[in-house]
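The structure under discussion is supplied below as structure tokens; questions concerning it will follow.
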Amino acid sequence: MTYPIGIVGFRGYSGEDLVRLLSHHPHVSVHLLEHRADSQDRPRPRRYQGPPRIPCTPDAVREAKLAVVFLATPPEVSMDLTPWLLEAGAKVVDLSGAFRLRSVANYKRWYKEDHAQETLLHEAVYGLPEFFREQVRGARLVSNPGCYPTAVNLALRPLVEAGVIDRQASIVCDAKSGVSGAGRKPSLKTSFCEVTENFSAYSVLEHRHVAEVLLTSQLEEHEFSFTAQLLPIDRGILETIYFRTNSSMSALDILNIYEKSYGNEPFVRLYNPGGLPDLRAIQRTNFCDIGVVCDPSTRRAVVVSAIDNLVKGAAGQAIQNMNLILGLDETEGLL
Amino acid sequence: MTYPIGIVGFRGYSGEDLVRLLSHHPHVSVHLLEHRADSQDRPRPRRYQGPPRIPCTPDAVREAKLAVVFLATPPEVSMDLTPWLLEAGAKVVDLSGAFRLRSVANYKRWYKEDHAQETLLHEAVYGLPEFFREQVRGARLVSNPGCYPTAVNLALRPLVEAGVIDRQASIVCDAKSGVSGAGRKPSLKTSFCEVTENFSAYSVLEHRHVAEVLLTSQLEEHEFSFTAQLLPIDRGILETIYFRTNSSMSALDILNIYEKSYGNEPFVRLYNPGGLPDLRAIQRTNFCDIGVVCDPSTRRAVVVSAIDNLVKGAAGQAIQNMNLILGLDETEGLL
Amino acid sequence: MTYPIGIVGFRGYSGEDLVRLLSHHPHVSVHLLEHRADSQDRPRPRRYQGPPRIPCTPDAVREAKLAVVFLATPPEVSMDLTPWLLEAGAKVVDLSGAFRLRSVANYKRWYKEDHAQETLLHEAVYGLPEFFREQVRGARLVSNPGCYPTAVNLALRPLVEAGVIDRQASIVCDAKSGVSGAGRKPSLKTSFCEVTENFSAYSVLEHRHVAEVLLTSQLEEHEFSFTAQLLPIDRGILETIYFRTNSSMSALDILNIYEKSYGNEPFVRLYNPGGLPDLRAIQRTNFCDIGVVCDPSTRRAVVVSAIDNLVKGAAGQAIQNMNLILGLDETEGLL
Amino acid sequence: MTYPIGIVGFRGYSGEDLVRLLSHHPHVSVHLLEHRADSQDRPRPRRYQGPPRIPCTPDAVREAKLAVVFLATPPEVSMDLTPWLLEAGAKVVDLSGAFRLRSVANYKRWYKEDHAQETLLHEAVYGLPEFFREQVRGARLVSNPGCYPTAVNLALRPLVEAGVIDRQASIVCDAKSGVSGAGRKPSLKTSFCEVTENFSAYSVLEHRHVAEVLLTSQLEEHEFSFTAQLLPIDRGILETIYFRTNSSMSALDILNIYEKSYGNEPFVRLYNPGGLPDLRAIQRTNFCDIGVVCDPSTRRAVVVSAIDNLVKGAAGQAIQNMNLILGLDETEGLL
């Protein structure tokens, strides 16, 4: 069985990774939806044949019988396209921030914009399969999580649920991301000469991705400090997460909690005490790798969580969600 | 007036920066002390004349009448050389960790080695001029601070002294360093292909530089979590420091405290609220740049402190100390 | 049908790529042959299971019934291992330079060492499938080409054979390679701080890979100038090749010659006039991408040839050769 | 004596280097001329005081009595500003390509634009001090050479003049440049993710800088092949230049010719046979470093020429020209 699927925003970095990964997927045929040609195609060898291109219109989507459409687009474009795509019979996996929060008020607070699709915002399912697998299976509209929140939620939510974190002491997530997370549109901040041999923090304490962490890991804003930082690399996120445990715990104690949540998860990998993931371990994969260091005598704990921002943080997780929607094996095309 | 000075370890990265910086210093003449030719000289153009080279022996040091000798050497070499250098009439600025801690027991704990020079350990002055300027002026042996501790101590000590940090909540220092901090000796960990497009944490909660922070900023170990991380760049350290304030404070309140400590300091620069230093701001300079973000309503504060690990974190600070020892203007050769 | 195969040198960069690529190959089962543990294993997540490890001995090779063994080892190790591996019934694909030249005298000239296996040197087949496919099919011992020669031979040989190059004017190959081409063994030349933000030429006019170009493209040494240069990147080779044509030719004329040689080749891709490959086009693939610029009025031509030094320049081409040896589809595991 | 000077385009990379270098110059006071605020200022520490800013108008230039104005602007802006700047009594050092060629026809051919200031084009002196020092001293308008041509002209012109190059065989210049050469304006081609771990050729055989080489080194277009290529680094140009000598020559023979031209030059450095410059040797300096490899038996020669594209290739050379114009020591502020 082969499902026709579509990609809007296929020239961006997440879009390119969707095309790259889906070209190995045995059960889908890809269509590129020409929305706005705002970015150039890459030079290609003779006889290169990418997937077929069709217009981004209701008629074209219906005619191609697209089962799923990925939106690798800015939030405002996603809000424009989603209603008629659903209408045209496609299910939607949106990689933007448009449908990640649970209320228009919260959206307004963090995105500084009005939300144009309140009903869909309420309908959308947050596509973090490790926690919301069942809801994704039945969804028409899946909101693919942000890259930063994916790494920190997978690290924190099991520990918050287990009640082992001392919430009087602060929880800190110091996050570092490769530049592709900022998208393909040229800007001074992502110019080579500004980034190479440099490192900088931005959106300290006020990054909009914080909202997703508070919602998913059930934390209060005053408990959680988050800093986003720009690494002079192409792809990869590493987050160093600091907290205090309620009682004396070893790294192995923490790992046992993770083991309960993730023992059967195909895309979360744990490191034995003494081992920590680096970015090399996860680049171009859909894995989230987690390692732990503890000092039981002082109840200090440090968790390192690493993903590829374009894969588990975007295109790969979107395909994981698509597999769930289509009733396919969740790992299809991703291992 | 020109002072003859010497450098041991001139082929390493800190040693190279000493040579580079001192070549512009109007009051010293540099001598390279050939100790062990364990690293290659770089290729040089015809007629290149570096500073004169002399043997690393008491006779040569006496004959050259070296006023100050810099040791850009491993701790065990520094312990070997320091006694006879002092004997030969030179003052010593040691860039290794040999003389940074205050007791042999503490040294043993963090460096996992016995200390061979207990008397000198007690005599050595910790060369962080912003706090110990007067002691440095009269010292025979100055222990140049570690690169990581310089950035974090300059950020934390004024706040600890002012009593504004909530010490029940944890203090976190998430530190990122360029690769030159690991020295010039080849190793797999610092090989190009292992580092480029990568990022990794090491020595989590147990880096030996922590000891210097506890001593200088007067913190207890259980209050302070420190992670060292390797950036895929040549030089620069950026530390993101998280804490909670005792009462509601704005970034401006914190900056006022810094202003009191550093208002007249030539090498500490503050950023107005909304501004933060990146590494570009401080590379190849002796500045420590500090910026602050606060959320007064939740008492969360984030301080970003940036230095060049080879300059304010090593060679530049060593020259600052030399200037103090020799009674010169503290900024000579450094602006 | 599944063939057991073995890899010696699996911790090096070419060896790692062999493991990575073969893990997707449907018709082989990989065995790692523990020869010398001279390099560290990488940290791995819990439950990571790499391929099984067996000793690098005749008994173990026989017992495992290895059909093919890859040698990702230095030349002297390859000379040691090859005789008994063949004896034990395995065919050998050697990635070192041990068996690439056609006489012990030539080997001695370029490698500055005596050759210890003259008979095998004469038996070995040069594994550039685009030109020696049939010989590889029947070979016991395949010598996998060097990375630099693969890119330049694929660019030059069809043109030399077609007789279109003016051999009175010089032919120049200006080659640039990522650092992984130098192997995983730490050295000052491949240390991060020496390579980042740097670029340098080495082995100018005397790189040992020149010998393979002279042999394969049938050029005289005085006609061909070659410079190897180190790019501050992990992987990829781009060669800019300059020559004069005998008569006025357009880029399309040159491309037509390539088309005749490579029209049915799965791993050589051509670019239409106006297009040139960059490294992004070929990284992590087994393709050699070729583009052409000509100025017909002055008979000047420039060809850009790009490969991944670890794939088409090493592990990928080795697998291509293995597929031929085993009678499998040549592209198996490589697309 | 202090001369007031001005800089237009001070936010670009060449402009920033002018400001950086001139801040150490003992005989000038810098003024920033606000022309178009098309690029952002960098974040700065409190109390940062850059040079004073004045409007880019004839009145302001007259009032400030600017002796020299540097134009770090696009060619069309330089053509607009130069006439009235000269009128206002300032001498002009233009870093753009506006005044580098000798005729409007030649400009039209290589820049594909009409030239708006023919008289000034004829008046302008080509500011390569090693060859046109005397003309620069008396000039009102100096056209600062391009970055690529500076490195290749310094390497080729003495050899062409000495008549040692076999002009029947081709002369090849394979040039590689850091990204800052493309300017600070954001574009997809200079975005971090497009450049990092990549390498690419552009403007093959038709780069506009070729025109300057033909003029200055007195070559015919059919004799000289030039390729520009983008290195994944911030700054530095390395050019690998290939030619055949008329008779058998050693590297030392070639170096003796250079020695005659450059024996007293402060900014050209030669390497003994066996040594070659890399980019580290010249970054952030005004040096052009030159090394030679020859194979006398085949008359093949390779010259490696390296400069910092922003210093000897732009700002540094411009200051060298300013020093000549003002009658100062040519090396002032540059060593």
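Labels A, B, C and D are assigned to the chains in the order they are written; within every chain, residues are numbered from 1.
Everything that follows uses one rule, which is that a residue touches a chain if its C-beta (ideal position, glycine included) is under 8 Å from a C-beta of that chain, and two chains touch if they have at least 3 such contacts.
Worth saying up front: this structure is predicted, and the values here are computed from it rather than measured.
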Item checked: Contact-richer chain pair (by C-beta pairs counted) among A-D and C-D -> C-D
Next item on the list: Farthest from chain A by Cα centre, which chain is it? Let me know.
Entry: D
Notebook entry, point to check: When the C-alpha atoms of chain B and chain D are each averaged to a single point, how far apart are the two points in Å?
Noted result: 38
Check: So what's the Cα centroid distance for chain A and chain D, whole Å?
Finding: 46
Margin query: I'd like the Å distance between the centres of chain C and chain D, where a centre is the mean of that chain's Cα atoms.
Written below: 39
Next item on the list: Scan chain B for residues touching two or more other chains and write them down.
Entry: 178, 194, 196-197, 232-234, 276, 278, 280
Item checked: chain C - residues contacting chain B, complex -> 13, 39-40, 178-180, 184, 186-188, 190-197, 232-234
Item checked: Residue ranges of chain A in contact with chain C within the complex -> 42-48, 196-197, 269-272, 275-278, 280-281, 287, 289
Next item on the list: Show which residues of chain D lie in contact with chain C when the two form their complex.
Entry: 168-170, 172, 174, 176, 178, 194, 196-201, 204-205, 221-222, 225, 227, 229, 231-236, 238, 240, 242-244, 276, 278-280, 283, 293, 295, 297-300, 302, 304
